[in-house]
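Per-chain numbering from 1; labels A, B, C and D assigned in written order.
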Amino acid sequence: QGPLDEASGAQLQREATLATTNYEGFPYAQTMANFPPAVHDVFLFDELLSPEEKDIRYRTRAFMEKEIAPIIANYWERAAFPFEVVPNLAKLNLGGANLAGYGCPGQSVIGAAMAVVEIARVDASMSTFLMVHNSLCMLTLGLLGSEEQKRELLPDMAALKLIGAWGLTEPSNGSDAAALQTTARKVNGGWVLNGQKRWIGNATFADVIVIWARSSETKQVNAFVVRKGARGLRTSKIENKIALRVVQNADIFLDDCFVADSARLPGVTSFKDTNKVLAISRIMVAWQPVGIACGVFDMCKRYVDERVQFGAALGSFQLVQEKLARMLANVQAMFLMCWRLSKLYEEGKMTHELASTTKAWTTLRGREVVSLGRELLGGNGVVSDFLVAKAFGDMEAIYTYEGTYEVNVLVAGRGITGKAAFKAAPARKQPTSVQA
Amino acid sequence: QGPLDEASGAQLQREATLATTNYEGFPYAQTMANFPPAVHDVFLFDELLSPEEKDIRYRTRAFMEKEIAPIIANYWERAAFPFEVVPNLAKLNLGGANLAGYGCPGQSVIGAAMAVVEIARVDASMSTFLMVHNSLCMLTLGLLGSEEQKRELLPDMAALKLIGAWGLTEPSNGSDAAALQTTARKVNGGWVLNGQKRWIGNATFADVIVIWARSSETKQVNAFVVRKGARGLRTSKIENKIALRVVQNADIFLDDCFVADSARLPGVTSFKDTNKVLAISRIMVAWQPVGIACGVFDMCKRYVDERVQFGAALGSFQLVQEKLARMLANVQAMFLMCWRLSKLYEEGKMTHELASTTKAWTTLRGREVVSLGRELLGGNGVVSDFLVAKAFGDMEAIYTYEGTYEVNVLVAGRGITGKAAFKAAPARKQPTSVQA
Amino acid sequence: QGPLDEASGAQLQREATLATTNYEGFPYAQTMANFPPAVHDVFLFDELLSPEEKDIRYRTRAFMEKEIAPIIANYWERAAFPFEVVPNLAKLNLGGANLAGYGCPGQSVIGAAMAVVEIARVDASMSTFLMVHNSLCMLTLGLLGSEEQKRELLPDMAALKLIGAWGLTEPSNGSDAAALQTTARKVNGGWVLNGQKRWIGNATFADVIVIWARSSETKQVNAFVVRKGARGLRTSKIENKIALRVVQNADIFLDDCFVADSARLPGVTSFKDTNKVLAISRIMVAWQPVGIACGVFDMCKRYVDERVQFGAALGSFQLVQEKLARMLANVQAMFLMCWRLSKLYEEGKMTHELASTTKAWTTLRGREVVSLGRELLGGNGVVSDFLVAKAFGDMEAIYTYEGTYEVNVLVAGRGITGKAAFKAAPARKQPTSVQA
Amino acid sequence: QGPLDEASGAQLQREATLATTNYEGFPYAQTMANFPPAVHDVFLFDELLSPEEKDIRYRTRAFMEKEIAPIIANYWERAAFPFEVVPNLAKLNLGGANLAGYGCPGQSVIGAAMAVVEIARVDASMSTFLMVHNSLCMLTLGLLGSEEQKRELLPDMAALKLIGAWGLTEPSNGSDAAALQTTARKVNGGWVLNGQKRWIGNATFADVIVIWARSSETKQVNAFVVRKGARGLRTSKIENKIALRVVQNADIFLDDCFVADSARLPGVTSFKDTNKVLAISRIMVAWQPVGIACGVFDMCKRYVDERVQFGAALGSFQLVQEKLARMLANVQAMFLMCWRLSKLYEEGKMTHELASTTKAWTTLRGREVVSLGRELLGGNGVVSDFLVAKAFGDMEAIYTYEGTYEVNVLVAGRGITGKAAFKAAPARKQPTSVQA
């Protein structure tokens, strides 16, 4: 059974309708319900795409503008997930992304990225939902799972009949995930998991959760498939977020949670194996700010055309034009960075350090774009109906997950200098006085 | 009857309790429910305060930490106003602020500011609630109202038995408020108001709303007291905000809304009279980011002590220390700016341009502080239980209201250059080509 | 006669030698005299270049590192031009750049850009020297000159036997160049030029100066070739610069300066014709910060390896690594932006607005890079022997010429909004009060 | 004999005259030679000053505007020191600053600061010259010297007949000054100094140099007075600076340099004693950006009034006004920060951490101000005749000396967190992989 069971279609339908009605309080500029046309592609990136990549881009865009844009601000406000859109989303055939076989579409990296961009352009949460499913959970199974695991799970996951989650982070171990503390004790016929996870996207309703845990035998990190409803598994939704509110993040409590031997992913023998997955997922995360920024620019462009103050459209003012120009240039540069990173990956020349460099940088610039957009909309910039407020909040999560900005620049810095700087120096070795 | 009628005490109590329980998912750092100690005052501003100002500061702080901090994240999430705290808030004797007489406390500007700072330190929305009431609505009545209006309204408002709102902004006129379009048609025994207002804080439940409208007789802007429930008055809550979610902002629809002659404020004969009020309210708004930044710094300081990663408290890392140092310096500078501005006001030497310069600047620096704080908390930085996420959203509204950043720098710039730059140049006079 | 006459070889030789000797005061890190290896190309841009473009890149790099790096800090300090290097520079066959025929190499836009990048990596002034010559003066002649003018001048200019300058800016007209005031009065057999130019690069010694002036007949802007030593032409070096000190900028005084009919460029009939030249030159200027940033990154990378403080190479510190990562990402993004812009140009799809968007943005990011580099070198960051100080100054000129940052974002903004915002609104039309 | 011997009055006079003549190339805005009026004090700081402090401020301002402004750009260009102005500077009675007795004026901290601000407003180098003399060299003697040393040196130094320098930094030890390596070997009747110093201001001509060196007996840091011309003392000017070019910084080579027992400062027994001096000098350094920013704002205000483009004074443009407003607010905030820090010092409540916090922050904001000013002046922003270019360069040195920005925020951060973060973690203890 997939997530759809949880949605009560009728009520959702009604709420969705509300959101598409006219915005009574402010008739001078359109909301995101009628999504603004894509005008950001001034550098003609489309021409850098293959026909297939373009196709992914355009059909995802059409779906998002038509089916998600009118309803999503309302879900975001309620921190609710729109289960009822999943069947139509599934028809886009995006499940599985880069994976080939087992019902997966085998997209190119840039093809998969186009889906991320177009989804994030309208709603970053939805892109995170799909990325957790595709580029974390399914990819881990695809790269590191057994033949049996793949056969059992991937086809239904590709069809979004089963939804995946991916549990690495723990309350005690966020940036320092390598030192994770969840344990997997070997017992007869399987493993007993104990520990706590935090922040796990989709986990409140996911059917398949990959759990990273330390083996009692090898002391190394292993990975396990935990199915929905497993005994000893409890999830609790993280409330009160200001970012990606549509994503259902959960605290996971594993209390003597038993999984069979077949649940262990044979491809994982140490923490380093996470990197095989993160290599791709970090590229995808780097693309998210691109999509967000495209949407924000498109919205702002329309808004400054429509909104008049002091007798002129906002777009007539110097201070407004400077922001628009900076936003547009950032959008182009962000796109190019991710495009080149993806190309290098496809050519086998990407390193983790480059992915970290890029991810950190696109979130930095992305933050600038949403912040400028927030300013441009004035008061309506704090109302998620006008898209930008929502994007403004969402960007913060992306700045922080898949390695915070700081952790990623330290990975990049290690690449540049050859020196790791993650640890603090022991307190006693510090100088008692310095010049300053 | 005051707002308390609307609150259903029992349920609110229950919800409040929830928020104070331990934060199960993350036991490694405390939430705002147990508010962090004030450690930000390294420049000893307390010593710049009079005993009375200090007293306001400390009793407000105590109230906020004890009664608001444990419950407010939950209200913020639900975009609800905590009516049940109003009676205790009223006991602080802050209603009326700078006004003297009519039951008002006659605080010094800095005294009133200390209340704003301490409230905003825990929750910016609550400070906006009170400022709209005190420094917009009551102040307008106190400065520009008739003796009768003052006698009728101010005492109950000082006691927070009646709550005020203040309606200037319109959907068609935000930054360009001077050109507002709501009309007041003179009729027998009174005036008929028509038009639409937007963004009016407290207006969904306010007992007293000051409405700015253009007189059919003089074509000048006048002001009117509109009471709750007046015929032709409709308010509709603005939903889906990411900032000041506890503040109930409303769209107001005035549809042949009749008010008696006695409802007109005799002190107002043109738009310029708004400045008498805004002179003080803008000072207060400039102080809000100070309070927000103090709270965020205090929270971050405790968080980086408690949170350990890579074997050390976050506070041990260089990248963390740089942020803390920048935040702390900003807090000091923001405080000093507002303190000096307030002193100049008290000495009769403040200008509108200086207030605008200061307001624009404290929101700029305040934004930097909350953004740095957001980074420091990692994932928990997007959860409002940990204060910073909430502050991060709230700051955006303050950046934008009482004159956006841009409008305020243009006011400041007019002061510096003697040239107004609010208008766009007529399109046809532009050069068809420039060097660039 | 070329510029070499002005150089007194012997003395220059001696001074140059001084600069290459060891840096006595600081033996812990190498100066730019021994130029650091190119390590910035982590995104493998080389693979985006054609063999010919690569060839231009590598031979220019070799020349710059070997012949210019050891001597140029000394010239920069003295604000002197190294005439004696011109013959060897000429051998690189870069004169004429994109032009084909008349002895010119007919480089691709990206090929020409590679020369700019590699020259600017070591010294931005030298790249400006060549760009003024190639992409302003020669290009104007090539695109807008008569066959006779081309035949007479281009071959010797391609061989750097004649050096060009290009005079558009006037003291009264910088950003507003379109309103230039220099006049060309038609007389028998020619034109009499009167007026003043400012900032004209190379003009103190140039053999060929293109002068833009307003025709007394058409009131339109025309262009004229003025040769060195023409009567009525006086140039005066602009002293005391902190940027591009090696470039010899001049104030030009035209005092009844007669030029023959043949000196007028037939292709120019109005100010708009400048755009034909600026379309390309602005691309080249956008590339300059790329080259500067590459050099600064390369230098910093070596410096943080060599320099030890607190018992560790600077590269070990978090605050240092964050800067390096940001610099490196910026370098990649800047390169990609210019690369894409150039490709669009080559495909006939570039607009002025895109060139302005890009130029403004690369100078913005370039400024960030040099500023970070300045910080990284501590005290040595203010000494031009260590490259970064020089680059730090130079970037400012590029931020400002070929359209300031502001003028370029207004061009970009006009492209986005369709509204020109160059002009100020008439003073009397401004509101006397606004909300703020 | 003081420095005046080195100046050849006649020639200097001639050069100075040149600089005051009209600026031929640009008649549309005045240069710094005719210094702009002080318009920056919109927060009326003057009213926070005592009569004596005001007096220092105004007579220093008058001197700087009249005697230094017309000539200093020329000295800055030539990296030369204006020895001939010293006699008149001496008449201001600023020598010795905070010290009382021994002919010193015993200024309050804020009084001394006003001299720094007013000097730096016109020329930062001159303020550094005086601060090295007053707040480093004389203060060290005054606080840590013997009665005999004070009697011998302070009166002549107060009269600027003897000029001081202060040598702490070494090529191997900049930020990590506490580990300095210069040695003082005890011999009969005195000490033999060996080692190298770098960056020592005034040292090329100073009469009195305080040298910090490690005692061969105690292994602790001691301080010694080395007089001009001492055997074994060699100084070499640091050339090619882009900042504080008027300051003569030197590399000092101590090659078996003998000083008598009486040359040792008895008050110094370990490195920590530097802090007694730096406590005050860092306050003074924090004030330097204030002065610089005041001058830059004053200049920009006049410039945007005088300079016309597109038919209007630059001050009419929105993009210009935003910069002016930001600059002005920064100036006020910087002033207030230093004022409060100084007050706390005077009340015995300042800590090193607060001085570091403030110094780091005023240089950060100061950098923003000069950068904005640089932009505002367009091309003339790179010409030091117009002040801002000079200030733009100078700010960089201040950002870096007396503890770099980074070192100061780490001191501040230690104060906030209680954890020192100066050292890098040992390489081998780092994680081999992290999440990112």
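As a convention for this text, a residue touches a chain if its C-beta (ideal position, glycine included) is under 8 Å from a C-beta of that chain, and two chains touch if they have at least 3 such contacts.
Since this is a predicted model, take the numbers as computed values, not measurements.
With chains reduced to the mean position of their C-alpha atoms, the one farthest from chain D is A.
If you match contact pairs by residue number, over half of those in B-C turn up again in just one of A-D, A-B or A-C, and that pair is A-D. Centre-to-centre, using mean CA coordinates, chain C is 34 Å away from chain D.
Averaged C-alpha coordinates put the centre of chain A at 50 Å from the centre of chain D. Rounded to a whole number, the gap between the C-alpha centres of chain B and chain D is 42 angstrom.
In chain A, the residues that reach two or more other chains under the touch definition are 169, 174-176, 179, 310, 312, 316-319, 322, 356, 404, 406, 408, 410, 419, 421-424, 427, 431. Contact residues of chain A toward chain D in the complex are 168-169, 174-179, 271-272, 274-275, 278, 282, 317-319, 322, 352, 356, 359, 402-404, 407-408, 410-411, 419-427, 429-436.
Against chain B, the residues of chain D that register as touching in their complex are 42-44, 301, 304-305, 310, 312-313, 315-318, 320-322, 324-326, 328-330, 332-334, 336-337, 339-341, 344, 349, 353-354, 356-358, 360-361, 364, 406, 408-410, 412-414, 416-419, 421, 431.
Residue ranges of chain B in contact with chain A, taken from their complex: 24-28, 73-74, 76-77, 169, 171-176, 179, 196, 198-199, 236, 238-244, 251, 308-312, 316-317, 319, 374-375, 378-379, 381-385, 389-390, 392-393, 396-397, 399-401, 404-406, 422-424, 427.
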